[in-house]
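There are structures below to look over.
Paired with subunit B in one complex and with subunit C in the other, subunit A is shared by the two complexes that follow.
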Partner chain A sequence: MPIRLPGALKGRSALLIPAFLLLLRFGLILSPLSPWLRDDHQLASPLTSFTRLKEGVWLFQNGIDPYHGGVFRHSPLTLALFSTVIPPIPLVSAFVWTAADGISAWSLLEIWRARISPKTDPAGGLMLASLYLANPYNFAPTIALSTSSLDNSLLLLALRFTVLQRASPAVLLLALLSFSSLPSVLLLAPLVMIILSGSRSATTIPEIDLKKAVRVVAEFAVYMAAFVGASTFVAGSWGWVLQTWGATVMLPDLTPNPGLWWYFFTEMFDHYRPFFLLTFSLHPLIYVAPICLKFQHDPLFAFFLLQGIISTFKSYPTLSDAGLYVSLIGLFPELYPYFRHPLVTGLLHLHAAVLLPLFHYLWLDAGTGNANFFYASTLVFGLANGATIVDSLWAGLRSTIGEKEGWDVVQL
Partner chain B sequence: MSPFLRVKQLFKPSPGNEKHVVRLQRQKRIYATIGSISPYLQIACYVVGILWIFAIPFAQLGRSTYVDENALQPGQVSTYWEWAEVHAADRYLEALEVLRDGNASSQERAGWLKEKFADLGIPTDTQGYTFKTSVGEVHGVNAYAFHSSPRTSGAEAIVIAASWTSLTGDPNLRGVAMVLALAGFLTRYTHWAKDLVFVVSDGYQDGMQAFLSTYHGFNPNSLTADPLTLDSGVIWTAVSIDYPGHSFSHLGLFFEGLNGRLPNQDLLVCAQIIGRWTGGVPVILHNTVDELRQDLRIPAWAQWTGAAGEWVWKEIVNRRALKEWEYRAQNMAEQAAWMATGRASGVHGVFHQFRIDAITLFARPALGPHGFHSLGKLTESLLRTMNNLLERLHASFFFYLLSSPASFLKIGSYLPCSVLIGIGCLIGGLRGYVNLGWEGWYSEKLDDTKWIKRPRRLIEGVGVVVALVSVGAVVYAFADSTLYAPPFAAKSARPLMPVILTLVLVPPFIVLSRPDSPTAAPLAPMVKTCLLFSLALLITPLSVLNFPLSLVLAVLAIPLSLVKPSSGMLPFMALGLLNPALFLLVQSGRDAIREGVWDWQVLGAYGLPLACLLWLPLIWVGQAVCLIQE
Partner chain C sequence: MFARIPTGLLALLLLLLSGLTNPSYVLASSQAEQQAAAFFSPPQEHTNNWAVLVCASRYWFNYRHMANTLGMYRTVKRLGIPDSNIILMLADDAACNTRNHFPATVFANADRKLDLYGENIEVDYRGYEVTVENFIRLLTGRVSPTLPRSKRLLTDSRSNVFVYMTGHGGNEFLKFQDNEEISAFDIADAFEQMWQKRRYNELLFMVDTCQANTMYSKFYSPNILATGSSELKENSYSHHNDADIGVAVIDSFTHYILQYMEGQNKTSKATMKDLFDTYDPARIKSHAGVRSDLYPRPLDQVRITDFLGAVSKVDVLPSDGRPVGAPEEIEEPLQVAEEVVLPLPTAESSSERVVMEPRPTGAEPLSVDQPVVFQGEKKSTLRAWGAAGAVLALVAWRLSAAS
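After this line comes the complex of A and B, so read on.
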């Protein structure tokens, strides 16, 4: 008779928490709460809104080009998926979004296992997955059926394949992701580095197999080309490029979101627009090389930092971008003792989480506040995300030095 | 040395480690200073916050009111309301008095009103409604009439309303007569750019709530109402007329809406200017006459002080500045009381939830000198001013405290007092959190304390708060259900004693049932830290949503944050005295709770959930902090 180990029993009952969280999602998506949240600016941007997706699918099925006009900005691949395989009806979408979050949580668990030896802390990975599912920043967008939740699961699945050294599915998924969230292309560099040198932190800078790197990048390029072809085939013209990727760069839709772009460009004089659009779009690029160079010994950490920068500075973010970044911190428990101001960062996030819905309500529901109120709260949110990045950066650099009794690190 | 090199030198680390050591020492010194002064900083925040509350009524903090929207141009028109219209109103009043004396039913009254509106040639109908609540049912019939604007497509509308019951509780006969007379008069003119909607609602606030809910397509569970047969556009402004007496001496402005909502200040300022200059009526806030109090005589117990006492009474107690302070404080306290309790001060209060700026014009009952003539004139002028609007009133004018009809405080001058107290709580919470992470080990040999890190029991602390809020939720579910209705009706407190004692004393003991923890870190300070964090997170954001409510929480936060962890039964009992369940002890308290349940179920005023989900748990968490023994 097999003996059940106490640890195994504990592990099995711990599975109840993510299972409950997934069931709760499923139920809430089918409840009246979901339609009520669906068009909330903090949960669904013009690029990820379910309402717009439905509109696009309807136009497409009725023979009207959905990319003609400013409503539909989802990628043609999403359009193809939702107009053929997955009809956007409540029960099916509830299932798809719940499954996507399940995949995200499972991928996160697998990444955690690959990064950290599971023997030391068997319940930690499951805890991380549960925290991901319970985080309101991830929870609420799923209830609102925002496709940003699907983007998150694509990213986490891609990262899972990456840390398991399976290059082809990883770059395939990343290519797919860059169709719905263009800035994620920047993650290719750390992704290739993880494939080359593994997901764990190394003590020395590993040798780089340049040939393999080129092969992976070339594979990515091939997938991208194939998807571009497929998209053009689906959409019937090149119109989708300006409406989807173009929107990310040119910000034609000034619908408010928790990001840093919309208010700035609402206030912008037209003749300055191109310059600042260029600046804002190119700005995240400058981080890629320094971060990848500095964290050659730990490319997964470089991936994490870049993801944070993208989620803070992208043009149409939702709360799930920040939710993903915050959840990824759990992959680096060795950093916890080295955070410089975790309390301040935590309080900033807490205040942003209260102020965002509050000022959104004052502006758009009660009518007693104006856009500046919500803008102020998005600034607090941006500050919180920035503080998280700066603090993790510090902790990442600091942890490589280690601790010595009576000594202090003054400069990195 | 070239300037370039000199600049370069600045950024170069010095050859030795001196500079870094100095910097490090400075940093540590700063942290130590912050740590050591933080208790004083917290107390200073509280003290300044409290002092600020007392400073709010000073004239120096406020400023005089002004009209922000230039399109309004209040009081710039010649009014046409004349004695013929007053006569018409008097005729309606006579008929209404007959209806009142004959104890006419709601249906009969509404039918009569419909007939009168139809006689005037305005499309009209009645609407029956029923509210079912756990403390009883109410039926009523509203009468309404829609006059389409002769100039525009009817995209916007203005409501002229009167409820059958006045805010004094008397029948609002003259208010209803006024609405009928205005309907006959206003619809004769062609300068309306907005549709005019005349509503005579039954009951006090319930009739208007039923009408507006149906108009906006909201269907609260407690309401069954007939659909409206007529329709118009978006309602921008509403004026409710409340005239319960024979004549009136002052025009009182009532403006506080449900759940602390306020109308745009421009509407109030226009009413004040027009009332004063077009109507010739002194305008007051609420029912408070704008007179300073009489001089106080020196009381018998202070007579012995002789000249010194007389000086105190003459120069301080009876000083004009103090009297003015009292007058302003009284006005603001009334506004704050309405807002903090979430109740509406009149029928206008149910409009605000639909983004309609609404006020009640209250004709303060007196023997004279004003009547239908001045009230009609100023109402006409006010409606024509609001008719000028081309866009909604500006968003920044919703945050104010009125200290007198013509002076107010901007948000920046009153907000700091509750925010400061919130910051005080935050500082206290941060200090508690940091301290909990360290444990001092005193070594006699070295005569030195060594600080080592220890794990905090954050999850357990949050757990205590969540558990007690859940108990509050159970209490709420119970109070909101029909089960709880009979006890409110009780005439004495004796049958309620078990309920009161349970609510005041039992829930905090939930913390004693916690599972054993392997860590040795204390729990009581952790719970207190969580309490302080939740207070800070409540007070600061609430201050923009509903300032008086956040101020009440801030005042409540002070005793809660001064409670010492594990301090035993005495503070436990003292905190119990702050428990809202004690209202059940007295008849007026029971009535207030009954009213709170009614307001929540009919109007959606937050009093009941607030008391159960916020106030009770906060006190309980405070009591739990006293209770936990390590």
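After this line comes the complex of A and C, so read on.
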């Protein structure tokens, strides 16, 4: 049920808004705001920080293995890219990050067009793209030059190719993404489902071409292997595996971030650590099968939900993970009437958005608070994300029942 | 799709195999390793100063030893070492001694113009706490866990330590409080323990006793500069008496050193060589000696304030309107010279002292905006280019393919 978004934009003039937002980004990255935000704990995790990237590039260019210490945790492919094609200097970085956000917005637009016919809602896609760019959850990490913005671009671009039924680029980009963000591997399942059955919601369970599915997964495996080989070639040894993927699983770096892992593991006794690392890492796995099975009719929605789960339960999240997830809600306007507590969820997000930087400042700058304050705000943030997932799930299930004139849907 | 394996994919598979089978490509060049090692442990400059001032005598007739030590205490405090970095060991029985005609004072000069006891001295070890055991424990750091912080020598590997000892001594020994002795071997071993535990960067050992030069004859640890007041079989003499106090108020060697130091302040660039050049056996009435064979730097390049003062080094950076909180583009402290060896920070080229000198020219700090070019690290760049090129080619190929 398409909803006409308020203030629908028409025609060419509508492109001015995303263009302006991109230019604003470019300008702000080159301003003094960017260095100030660069190491902010909410915007840049140990896996995505630009400062660490620069350090790793410098070490690499001096013949020192950047994976010997615990500082550099980006993938070797990122290392190769930033030590050759994209030198980490301000002007080039500004261009790259702005372009990445532009690609994200464009991909979002294309996905929207594939999902919702432009005839029923001509300007909604551009509105969605503009909202993505304007969302502070996405805006701030880009200004901070956090590579999580680049991860978002990769994800949205992969999704774009998926909804256009182009399997090869889709799994290629997903393989590339999984080097920066290991939990995103779980998105392969809904991705394959979208490739097989399309991006729109179906009324019947679609037939699955198993052979094609196996081919797509095999292609993904080949790309992964190729990238692993290329990474080892760049890094010179296998040490990168423990430092990058290993970091996601073993949590060696307890730098504060908006996630749910770090505080838990700061106060953990060593002999419980392996057990809890195991449970926390395997936790997102249990959602893959149920969500994909329940939403066989609408695999894009399954993708959306799984992305939400990954964002919430990641080991080193940043605000851009939540930003991506929240922006994807716009692809499913049919959910809007069925949200049960949108106000609560929205307010939780607002609370978290205000409390996270506030308590971070109180704890680490002013010194009048302590870590528990910030931890509490990460709990609120996790609750906000969780509430979004749960409400979307409910709305998704409810929307399949639909409406019928003169009939009421009741719960027995 | 897999019926025909495209050539590009084949090339990638070969790349993969080569990555898996070849041994490690990291042959960290010794040049770059040296450079990184030099960055993390550069030729040392000290970052903080400590002083250990020991008066090993007690009783009224050893008033001059108390005055020696308090004079040194006043000098090092005046030149900037804070009380927290000074360990003062005194018997402290002179100022309030019943025989003191001027109670609560200690003077080092018969004119009695400068009261060294004053209102603001902090004695860390007083009275019967000044023992050989405490002294050696202090130096080596092997103290009881309950010992208060003010009594500990909390030096680190970048501390310059000034150790001054005065009292009655002899051939390779020093008498502690009329009760026990410390030998030159003990002090040498304590300093060696300090060296092994990285508890000093450089150490100046000054001793004013009879036959003082024998006290430093047994040192064997690096970075120690030592000076003493008299040779073997020579006595050290007091300088003058005060008729009203009734005892000698200062020793000769220390008197002339303090007199010289009165002419110095924190900005003084006088070197240790200047100080040692003022030693005049005729004036001091004994042959003061210097031992510098364990000391790496030439004495005319070592400032007195390196030991007797605490002069902070200040890095003055160009003001170009950057906000206070912005850390980036001001760092990159690593100076890259063409010859890939870090220039040793000498006294001239090091960063500024309290006096504002113009920033030395030479290797500018490498800013992020300049491309980083190093000789001899082509292999990793080639690897990066190869991998980046392969990955980008693969991405471009698959994105443009029809499927």
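Throughout what follows, the second predicted complex is superposed on the first by the 394 of 412 C-alpha atoms of A that agree within 3 Å, B and C clash if a C-alpha of one lies under 4 Å from a C-alpha of the other, contacts with A are read in each partner's own complex, and residues count from 1 in each chain.
Rule of thumb we're sticking to: contacts are C-beta pairs under 8 Å (C-beta built on N, C-alpha and C of every residue); 3 or more make two chains touch, one makes a residue touch a chain.
Quick caveat, the model's predicted, so the values are computed rather than measured.
Trainee: When the two structures are superposed on subunit A, do subunit B and subunit C clash or fit side by side?
Mentor: clash
Trainee: Contacts for A:386 in the overlay, against subunit B (first) and subunit C (second): which applies, first, second, both or neither?
Mentor: Once the two structures are laid over each other on A, A:386 reaches no partner at all.
Trainee: Does subunit B (first) or subunit C (second) touch A:354, or do both, or does neither?
Mentor: Only subunit B is touched by A:354; subunit C is not.
Trainee: Please work out whether A:366 is in contact with subunit B alone, subunit C alone, both, or neither, and reply first, second, both or neither.
Mentor: First partner only, subunit B.
Trainee: Using the superposition on chain A described above, determine whether A:343 touches subunit B (first), subunit C (second), both, or neither.
Mentor: First partner only.
Trainee: With the two structures laid over each other on chain A, which partner does A:410 touch: subunit B (first), subunit C (second), both, or neither?
Mentor: So A:410 only meets subunit B here.
Trainee: Tell me which of subunit B and subunit C touches more residues of subunit A.
Mentor: Per-residue touch count on subunit A favours C.
Trainee: Taking the superposition on A as described, I'd like to know which of subunit B and subunit C A:333 touches: first, second, both or neither.
Mentor: neither
Trainee: After superposing on chain A, check 114-122, 132-140, 240-248 or 366-374 and name the one in subunit C that bumps into subunit B.
Mentor: Here subunit C runs into subunit B along 114-122, and the other listed stretches stay clear.
Trainee: Just to be sure I follow: which residues of subunit A are touched by subunit B in one complex and then by subunit C in the other one?
Mentor: Residues common to the subunit A contacts of subunit C and of subunit B do not exist here, since the sets are disjoint.
Trainee: Along subunit A, where are the residues that touch subunit B in the complex?
Mentor: Within the complex, subunit A touches subunit B at residues 343, 347, 350-351, 354-355, 358-359, 362-363, 366-370, 373, 408, 410-411.
Trainee: Under the stated contact criterion, what part of subunit B meets subunit A in this complex?
Mentor: Residues in contact with subunit A: 13, 20, 23-24, 261-262, 355, 392, 395-396, 398-399, 426, 430, 433-434, 537, 540-541, 544-545.
Trainee: What residues on subunit A touch subunit C, complex-wise?
Mentor: Subunit A reaches subunit C through residues 32, 35-36, 38, 51, 54, 58-65, 76-77, 79-81, 83-85, 87-90, 161, 166-169, 172-173, 176, 215, 218-219, 222-223, 225-234, 236-237.
Trainee: Which subunit C residues qualify as touching subunit A in the complex?
Mentor: For subunit C paired with subunit A, touching residues are 1-2, 9, 12-13, 15-20, 24-29, 32-33, 35-36, 322-323, 325-329, 368-369, 371-372, 374, 376-377, 379-381, 383-388, 390-392, 394-395, 398-399, 401, 403.
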